[in-house]
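Take a look at the structure below.
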Amino acid sequence: MFRQEGISLGELAERFGCKVQGDASVRVTRVGTLAAADEQAIAFVARPKYVPLLETTRVGAVIVSPANASRSARPALITPNPHALFARVAALLHPVDREEPGIHEAAIVHETAQIDGSASIAAGCHVGAGARIGRDVVLGPGCVVMKGAVVGDASRLVARVTVCERVRIGARCIVHPGAVLGADGFGFAPNEDGTWIKVPQLGSVRIGDDVEIGANTTIDRGALGDTIIEDGVKLDNLIQIAHNVHIGAHTAIAACVGIAGSASIGKHCMIGGHAGIADHVEICDGVTILAMTAVSSSIREPGTYSSTIGAQEASRFRRNAARFRHLDELTKELRQLEKHQNHSGREDRAG
Amino acid sequence: MFRQEGISLGELAERFGCKVQGDASVRVTRVGTLAAADEQAIAFVARPKYVPLLETTRVGAVIVSPANASRSARPALITPNPHALFARVAALLHPVDREEPGIHEAAIVHETAQIDGSASIAAGCHVGAGARIGRDVVLGPGCVVMKGAVVGDASRLVARVTVCERVRIGARCIVHPGAVLGADGFGFAPNEDGTWIKVPQLGSVRIGDDVEIGANTTIDRGALGDTIIEDGVKLDNLIQIAHNVHIGAHTAIAACVGIAGSASIGKHCMIGGHAGIADHVEICDGVTILAMTAVSSSIREPGTYSSTIGAQEASRFRRNAARFRHLDELTKELRQLEKHQNHSGREDRAG
Amino acid sequence: MFRQEGISLGELAERFGCKVQGDASVRVTRVGTLAAADEQAIAFVARPKYVPLLETTRVGAVIVSPANASRSARPALITPNPHALFARVAALLHPVDREEPGIHEAAIVHETAQIDGSASIAAGCHVGAGARIGRDVVLGPGCVVMKGAVVGDASRLVARVTVCERVRIGARCIVHPGAVLGADGFGFAPNEDGTWIKVPQLGSVRIGDDVEIGANTTIDRGALGDTIIEDGVKLDNLIQIAHNVHIGAHTAIAACVGIAGSASIGKHCMIGGHAGIADHVEICDGVTILAMTAVSSSIREPGTYSSTIGAQEASRFRRNAARFRHLDELTKELRQLEKHQNHSGREDRAG
């Protein structure tokens, strides 16, 4: 609806509880960037490097913090958290298209599955025996929901998502294409002859409300208990979450992270891309792990942790890396020198 | 069947060749954990930290090593390898549901494909020309088996697995959702103008018996010869195996590992999560690679290898990393000091 | 056609503009390796370690550089770039099977989608409203092309590829199974209470011509603008490309690489497996990043960059890593020693 006539700054301010600076009757129909959008658009600024654009932008209105408000030549919404307000305004102006309720004739739904009448099940979906699909759920094309699985109200599986047996997904979750929830954990017992015996993976996966799961991310089912993803967790693409991992509420994890079996991550953590968390490690609430960091033992203090050495011109890096391989000896040599110096220092003083 | 009346410890001991301690007539119906399960369950203990639970657990029976047997207050099966026995007991008590044989009417099967009558082909599967599907094979929903591919007896493709042309999968394999077997290898020849010419990937993938392949793992076809995964190999999720790689029997590889083209891994190796193996590298039998390790040259001695620095509070790590970038100079300075000290030491002695 | 009678060296030389050494009437029907192929095959050699095989190989003909021509006992095509010529000859001798044009009856195509009559749409494909599928396009089994998306002429989506709304793919692209193009970027604004608000991802993905995208690779749509992959880019498997990334023409990226939001990579770059590029980083043209390298700041000079320490026997590595954690203090101690030595040196000279 907003695409036609737009919405005024005054209406936005009332809806979201913020202040207007300038003409509250200005209407906007879409969001855009300060640099490229036109007068139909509303933009925001948070990074200091973009603040000067406030003086030259052609957008219809801006969202700014109180500190930057005086810089704006355009009508403005003023809020302490411009990024969050921008997200809300963008969701209002650009709502997700609603799918038609109903089960497509080319979907395969088991007779014992319970599908709410408001749910939309696309062609090529498979819903197994006893599965439950809640109110306003969207299963996009090619999703597989195996027997006994549950998809909570208003959750959306975009396309080609696999939800294995008995996995439970909460309300208002978004799962992107290719994600696999509830495949067997990687559990094998070593035999005496060096072969492996599969340990049946009998647990499941429980996913809370308001969780978002990225494309091709995999979350394994537990061996005995469940793998647990609490409310509000945000997972990027190509993440691996092993069996019996527990991720606390509102933790955000960037792409390509691997979390090994039975690791436990606290609430409100942030984990950078490509980081690895070893099995059985415990990480407390409020921890930030920088990208590509290896966490091989538990972290009990909130804070920021890293083990990432940044790139360097390769021939120089290679020389440094070669020295690293002897760092222990090097340290011992240094200690030896210190000892000697202290000794000769004493001798000097004694001499 | 065991779900109803269960099975007695005596029967388990006879079937698996182990000893009973205590009442051999005790019956169990399921497996569970020492901490949480009830008297219907049998649990095991291997990690020392859980041994004290043997004295308080309410489970019906336990599986323990001879060393821990005296600690158990419950009837027990005694075996040198409790984890392996647990895996066998779990598989007995919790068998995988058998799928109905037959080809679902919503599966697309080429007329020249050979499907064994005992196989189960779910809705949404595609089986190409000349493909062969063996006895008791299960193709779950949405699997694609392209022309000329072979799936060996009793193998199970859980759902949405892609098996490209001419790929051969052995017997009793399990392939988890989203895995892609036999996509083109990453082969390009550089042109004089800096563009790339695709090198046709004409080989295939051969997978042995009893191999397990995790969700969204990718195994590329060979450029000329084949990519080979020997018997009993276990691959976790999101692993990349490039063209012409060879992986020896019973090697286990954790999630997010990448193995570059033509690398060769021995038998009975273990590779930790996120490790990377460079192209053309050879790794001998019996090697363990720790998580996140970079293997850039061949390994010819069995043993354990690492290149992973663990996480540290970020500001301290950053200072150390900054020093690392000058480690070569630092080492030279130390050598200089040593030289000087030796020299002045000699002078002292000479003085 | 070449499979029957083959093609002569003379014809190949004329077609590809290179020289023949020896009998130009020799016919070959396929490509192979110097070591294993027979007289029906043509092979090439580029790596020095394989040059000696030129003297013993049984292949019908070889492709060699001028420098190696005299080593060949077999008829030869001579070219400064044997690998590139081999790629062209292989493509000629082993053409990709052409798919039947037309829309399979088990494909779901929206009535407003525009499908060129020469395109091949396999069973299980979904093509959404207003999508456009160009000339000679192949959509293999189970592909999803959402509304408003465009697939350019002669592009091939092998199987189970997901192309989200409004994503544009150029001509002659190849996209391997499981790839996801245009899922939502990972954009969340932090709320005051530590929860996250989803930022609608309103941009899209634009992919140039002649791009190849590996299995299970994910390319996210932009937040406002588009994620851009220029012409001739080659992406291996399991790569993550975040929202608003820009990748310059003819850059090649190996498997398991992660590129964070708004990073910009130049043209003709090469990025090794498992490397990570931080958000907003800019990398200029002609940069090579070695495998597993962390790029956390911009690179403005062409060259080769690394941050990868190679594997070492684990107990030795652990000792070195432990010292690393004190490298800053260690460096300071060394500086102290130097100062002291210089001081005592001066004293000596003064004494």
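In order of appearance the chains are A, B and C, and numbering begins at 1 in each one.
Simple rule for what comes next: contacts are C-beta pairs under 8 Å (C-beta built on N, C-alpha and C of every residue); 3 or more make two chains touch, one makes a residue touch a chain.
Predicted model only: the values in this text are computed from it and were never measured.
Chemist: Enter the angle, 0 to 180° in steps of 5, of the rotation superposing CA atoms of chain A on those of chain B.
Modeler: That pair's rotation angle lands at 120 degrees.
Chemist: Do chain A and chain C face each other with the same patch, meaning over half of the contact numbers show up on both, or with different patches?
Modeler: Counting shared over all numbers used gives less than one half: different.
Chemist: Using mean CA coordinates as chain centres, what's the gap between chain A and chain C in Å?
Modeler: 25
Chemist: Touching at least two other chains at once: which residues of chain A meet that condition?
Modeler: Within chain A, the residues that touch at least two other chains are 106, 124, 142, 160, 178, 216, 238, 256, 274, 308-310, 312, 317, 324, 326-327, 330, 334, 337, 341.
Chemist: Which residues of chain B touch chain A in their complex?
Modeler: Going through chain B, the ones touching chain A are 31-33, 36, 81, 83-84, 86-88, 90-91, 94, 96, 104, 106, 122-124, 140-142, 158-160, 174, 176-178, 210, 212, 214-216, 232, 234, 236-238, 250, 252, 254-256, 267-268, 273-274, 291-292, 308-315, 317-318, 321, 324-328, 330-331, 334, 337-338, 341, 345, 348.
Chemist: Which residues, counting only chain B, touch chain C once they are in their complex?
Modeler: So the residues of chain B touching chain C come out as 106, 108, 124, 126, 142, 144, 146, 160, 162, 164, 178, 180, 183-184, 186-192, 194-200, 202, 216, 218, 220, 224-225, 238, 240, 242, 256, 258, 260, 274, 276, 278, 288-290, 293-297, 299, 303-310, 312, 316-317, 319-320, 322-324, 326-327, 330, 333-334, 337, 340-341, 344.
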